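Sharing a structure here in structure tokens format.
Lettered A, B, C, D and E in written order, each chain numbered from 1.
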Amino acid sequence: MDMTLPAVNWLSVLPTLLLSVTGMLALFWDIWMKDDERSLLGWLSLTGIVVTALCSWLLWGQNDVESFSGMFALDAYAVFFHLVFCLVAGLTVLMSLTYLETAEIRHGEYYALILFATVGMTVMAAATDLILIFLGLETMSIAVYVLAGIWRQHLTSHEAALKYFLLGAFASGFLLYGIALIYGATGSVQLGPIAEHVGAQGSSPLLLIGMGLLIVGFGFKVAAVPFHVWTPDVYQGSPTTVTAFMAVGVKAAAFAAFARIFLHTLGAVHTDWQGILWVVAALTMTVGNITALVQHNIKRMLAYSSIAHAGYLLVAMVAGKELGGAALMYYLVAYGLMNLGAFGVVVAVGRKGEPHEELDDYAGLGFRHPALGMAMTVFMLSLTGVPPLVGFTGKFYIFSAAVQAGYIWLAIIGVLNSVVSAYYYIRVVVNMYMREGEAIVELPSLRSALGAAILIAAIGTVLMGVFPSASMSWAGASFLSLG
Amino acid sequence: MVPTSYHLILSGILFTIGVTGVLLRRNIIIIFMSIELMLNAVNLSFVALARHFGNMDGQIIVFFVMSVAAAEVAVGLAIILLVFRGRETVNVDELNLMRW
Amino acid sequence: MDFVTFFALAIPLVVVAVMVIAHPSPVYSALFLVMTLFLLAVYFLFLNAHMVAALQIIVYAGAIMVLFLFVIMLLNLQSDTLRTQRHGLGRVAIIGGVILLAELGLLLQGSSSELAESSLPENFGTVEALGSQLFTKYLLPFEITGILLLVAVVGAVVLAKR
Amino acid sequence: MSLAGYEFEVQRDDGLATEEMTLNMGPQHPSTHGVLRFVVKADGEIMRTALPDIGYLHRSIEKISEKVGYHGFMPYTDRVDYVSAMQCNQGWAMVCERAAGIEVPRRGEFCRVIACELGRIASHLLSVGTMVMDIGGMTPFTHAIREREKVNNLLEDLCGARLTFNYMRIGGVAWDLPPGYTEQVTAFLDQFEPLIDEYNDLISYNKIYVERLANVAAVSKEEAINYNLVGPNLRGCGFQYDVRRDEPYSIYPELDFEVPVGTGEVGTLGDCFDRYMVRIKELKESCKIVRQCLEMIPDGPVLARVAKKLKPPVGDAHVRVEASRGDMGWYVVSDGSEFPYRTKIRTGSFSAMSIVDKLSRGLMIADLIALIASLDVVAPEVDR
Amino acid sequence: MQSFIDGLIASGVFGGLPAEAIYPAMMFLFASIVVFGFVLPLVTITIWLERRVWSRIQSRVGPNRVGPQGVLQGLADGVKNILKEDVVPDAADRPLFVFAPYLLVWGFLATFVVIPFSSALVIADLNVGILYIVAIVALSAVGVLMAGWASNNKWSLLGGIRSAAQVVSYEIPAGLALLPVVLLTGTLSTQGIIQAQGWAPWDWFLFHSPFTFIAAFAFYISALAETNRTPFDIPEAESELVAGFATEYSGFRFALFFLAEWGSLYVTGAIMAVLFLGGWQIPTGWTNNTVVLNIAQLTVFFLKAYFWVFLAMWIRATLPRIRVDQMMSLCWKYLVPLGFVNLVGTAVWMVIWPEGNTFVPYLMVVGTLALLVIFFRRVLYHLRRAKPELYFNPAI
């Protein structure tokens, strides 16, 4: 038995490693910790995330590092997504610092699970092997299933966890079957050999079914129609911070792997899958936006909105090429910032025992709490796609990529959808400024971690919208690193 | 000798049975077991393909799939217990606290 | 694997698998699933996957299914009926399944020629072969599996404790 | 369902039972020490409640006394607590003597005490033996029973019966000690006393045994008094009270013995282990008492002259004896006829049952077994 | 096995019958011989031995009427049980209720496939032998759960659930305790593991290093738990759960449970002998007769296996039962970490002394002997201190 270890480049797994170690530290520290100092765990997690982000930043440009027998890449694409995940996890932790107290959720496991979920995401973004992608996806998913159900006092949270779990496991089955068939078609599960095989031999029936099943699997994770039915219930039932994490982080991670597999590895046979994705994208945008029109619960509305945004992101996938890829990555950041911000405001409005999640609860918010109202307005407008906010530039890039790739109708459907979406986003703003609401007794001081999170999100939303080119070119460069 | 496609078709049949179970049953635990059946069908594919290609990758993937299945089962059953304690039901149709 | 063995295993496999989803009692479903898994393990043996077959029994039949039975019995679940007329899912499922199978069968029939047997390397499917690959080529997935299981343990404890 | 005044929720029958399981432990169950029944509501292994349901062994013993007369009731008292019938004999004899003003000859008193303490040894041996057996250890039980057989042999020599003795009479005891009895008993005690230490070596400080009993179902002094625990169960909580010492009767004041109490040596004060240990220590004290009695026993008659048809004067009498299961109260009302107007027996096991429900909450099913065994509940004594 | 049948076919014993028919028939025949000629006597003897040993410890006599010293008691019990009415409760789930005992018996019978009784006597030397045993034992938990559930009795159900929890939990420390040996030999085959050891105690894996020594006992404890032996007889705790999962069974099926229980006790001893005590290894060179050699090996193997069986009986007679939570904490808090320590320790040991330390095994053998001497001196002291009637009296 000869056992030669593969070339191990520790740098490539550094972000993953750091996050895992932080998660385990949080778990262990939790055991010896007194009850009243548990919020320290949040700060520990935050430190870990910031350190990871810094490391990832420093790793920028270390392209083409072969590691772990070609299963893990340290290309700019991965680093970009590492940073995105750090941003998402960091903002979630900041929001959670306030939220966990009101929601009475145990800290130790919560932060550890957030960190482990982020570990899974980083693996998904950096893996160049289908089975590793699957493992990363499962690590992330299982952590998020638990997080969805961690609000033990609320039956809705249990139900959310169950629905998410059942449909998530169901989707993993499809994804795995897709992997199996692709393995059957190409003889490998590594993206490099698959790309070679596909490039050389084109598609085969097995590969086609495999791709279809992969689209089903990823479609569930990114909440694309018709695999979206779990989304509203799960988003509504889960603890709000978890919903934010789920809506942004999980989606970003799924798209990271989705885009790496389809845009890069299976790029040679893009004609085979673009048709399906075209339909899915159009459906996703339309169904998401139209259903969102009638929602009264803000978390549910944001859930449908996130479905719609998955549709926009899928448009970028359909467009493909450098521009589409870059637009996808740019819009993921944009979507992350504005959605996290919006959920941050939802957290801020909620009280202990009274979530205040109905639209009516936002009546008059703009007068009672101008800063919060202002922030919510920014996020809602950005989600609609009003210039000069980031939502606008993102959509602009996506639709122009679609037009350039020749999908004009898709772009038109997307623009129309944006117009429709304006109705329910603006309704929130209207509610905040044009209606008198019962006074919510007190709102939390925004000088808290939560306030910081909302502020960061708001500043990001505005700045990235006003100066899009830097981040766009960065996303472009990252996408190109896929080679 | 049986061609590999036979194994793949058998795997496809089992997978379809699993999917049908998920869609048709309303007892959460049976739905969950159907999902396990799906995963096993996939395992069958992997093992058959490993035999076909003559490399161990397929079998090792099965090893990972088993770990994932074990993890999913642990968490899934915990969630089912949680739901059952709160609602005393394992019928998906009765889980409708939120608008569907 | 010759045709006799294949059909001797495949037909019971399909039958018990159908029983898993068709039997009204969860306990019987679980026991049929145990049988399915056991038959699959035997099937794996014929596909030269000795280690996987042993693991299949230890992990699936021995641990996972025992957990299932455990929970079913703990919750004292009784029989239920097939879901009827719910969003017409039943028909969708059956039609979809038939289509998927038909498609798969057709496609595979076209491609079965390209999937020919190849000669197997020595100690294919043994513990040594699987282990040495696991600790070299698949080192990273192996470690990630560790984190995955840690997450599962933490998660299960968080959710199930009262 | 209503049971002994408790309302029960009947298990739902709509196809989906609750996770909480209702278990009927008894009336026929290997470890309920007779015909007892506990309705246990358990969530998995943890008990929510364990309600004792008594009365399966009710034989109307008190009522029978009204029909059989004072002398005739003596054999029935054996059946009150058939595990240690001597003290029941003594209780009935004493209460009749107090009602009728009968003086017992001094040798008779000594015979009674010897018989009672031997009975206590037998009873405690059975108690600790079955306790270990309930915990799962098989060997100590046979060793205890082996010694108990020897005690039974001695008692058989004394009165011809091994279980239901009918040894005492109103005004004394039926028979004097048989010839050579002192030597026999001394020989037994010489052999038995070291065995108590061996018993401790064998099981009492076994790690598993201690783990099973320590900190399980601890009773505080206040609780014990509020729930009217008596005897070893009360002393196990560290409350030093023994009728033989604190409300002396018979010749106990002349004897020198200790009243062992629970010390909480391996866990909380008043846990199952303490109750168990008190019984082990009482074995030694009983041996000591028997030895003293054998030394001090005077010559003379053992039975006072009592009318064949005893008719105590109108009035009532109450005595307390320290039976193996604690303070046993005997009360009799006489209307001047040859039949008691009313008899009332108050037994230790009965009050011990009342605390089971309180203690069992949150315990595991296996702990309930240890708890019942450590309370040394004997079903006939509960129901009478 | 197969080569033997092939030889028979080649010699023309079966005439012209097709080989496909001969193999199953021969397997069936062989299985029947194994069951009736070997396992049943083995189990009855084990039961008799247990009852005798037990009663000696309890200062009783034990069964001594049927046959010399009561050896045939098991046979008598078996006949009695078969003649008894086989009650299936009305409310029970009949198919499962009827099937469950067979599953259990099959579970322990199947383990005999890989137990090597001598250098030649092994039904199949699988390359995943030890793993195969672990797998089969794991499967038997399903049988227990089935029995518990099908009885439709809450005590049975509790017993079944407890048993399943116990078996599933203790599989982990048991598996971990196997690993040091697997690590040392680099094989999972039972014959391979025995061949890696020698006949002398210092060549046994038990004394190979302190870690394997601990692993042996960790495995033994786990095996006791997996076979539901005292102090882990929680699933059938008669004082708590009446008879656990076997409460509703009677007659023949009840006898099958007994068969499985005592059969697995022997299997436990045999695995201990294989893994840690050098199995059938005896000094070589004194005979060239294969039959004599194999009989000697068989004897040695049986003695080693029965040492552990005897130990289990002794433990059963000595210790009380632990509680469910204590059982779990013993498993997860002590045995599992210990298992990891052993595994890592063995690995380190192998790195430092790839050929094994030459000194430590001797030291450990001597130390163990010294411990045994001290122990038996204490036993003698207690025997002497006890009264004459307690002395061992072989006459009865």
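One rule holds in what follows: a contact is a pair of C-beta atoms (placed from the backbone, for glycine too) under 8 Å apart; a residue touches a chain by one contact, two chains touch by 3 or more.
The model shown is predicted, which means the values in this text are computed figures rather than measured ones.
Undergrad: Farthest chain from chain C, comparing Cα centres?
TA: D
Undergrad: What chain is the most remote from chain A, judged by the mean position of CA atoms in each chain?
TA: The chain lying farthest from chain A is D.
Undergrad: From the C-alpha centre of chain A to that of chain C, how far is it in Å?
TA: 31
Undergrad: Chain B to chain C: how many Å between their CA centres?
TA: 6
Undergrad: Would you mind pulling out the distance in Å between where the CA atoms of chain A average out and where those of chain B do?
TA: 26
Undergrad: Roughly how many whole angstrom separate the Cα centroids of chain C and chain D?
TA: Result: the chain centres lie 60 Å from each other.
Undergrad: Mind pulling the residue numbers of chain A that touch at least two other chains?
TA: 1, 131, 135, 138, 142, 145-146, 149, 152, 161, 184
Undergrad: Enumerate the residues of chain C that touch no fewer than two other chains.
TA: In chain C, 51, 55, 63, 67, 74-75, 77, 80, 104, 108, 111, 115, 138, 141, 145, 148, 151-152, 155, 157-159 touch at least two other chains.
Undergrad: At least two other chains touched by the same residue of chain D: list those residues.
TA: 16, 18-19, 21
Undergrad: Quick check: in the complex, which residue numbers of chain E touch chain D?
TA: 54, 57-60, 154-155, 158, 162, 230-231, 233-234, 237-242, 316-326, 382, 385-387
Undergrad: Write out the stretch or stretches of chain A touching chain C in their complex.
TA: Residues 1-6, 8, 13, 20, 24, 27, 68-69, 71-72, 106, 109, 112-113, 116-117, 119-120, 123, 129, 131-132, 135-136, 138-139, 142-143, 145-146, 149-150, 152, 161, 184, 204-206, 208-209.
Undergrad: Hey, which residues of chain B end up touching chain A in the complex?
TA: 4, 8, 11, 15, 18-19, 22, 28, 31-32, 35, 38-39, 41-42, 45-46, 49, 52-53, 55, 57-58, 61, 64-65, 68, 71-72, 75-76, 78-80, 82-83, 86-87, 92, 95, 97-100
Undergrad: If we count contacts the way the header does, which residues on chain A are in touch with chain B in the complex?
TA: 131, 134-135, 138, 142, 145-146, 149, 152, 155-156, 158-163, 165-166, 169-170, 172-173, 176-177, 179-181, 183-184, 187-189, 229, 232-233, 236-237, 300
Undergrad: For the complex, give me every residue of chain E touching chain C.
TA: 93, 96, 126-128, 131-132, 134-139, 141-142, 145-146, 148-149, 157, 160-161, 164-165, 167-168, 171, 188
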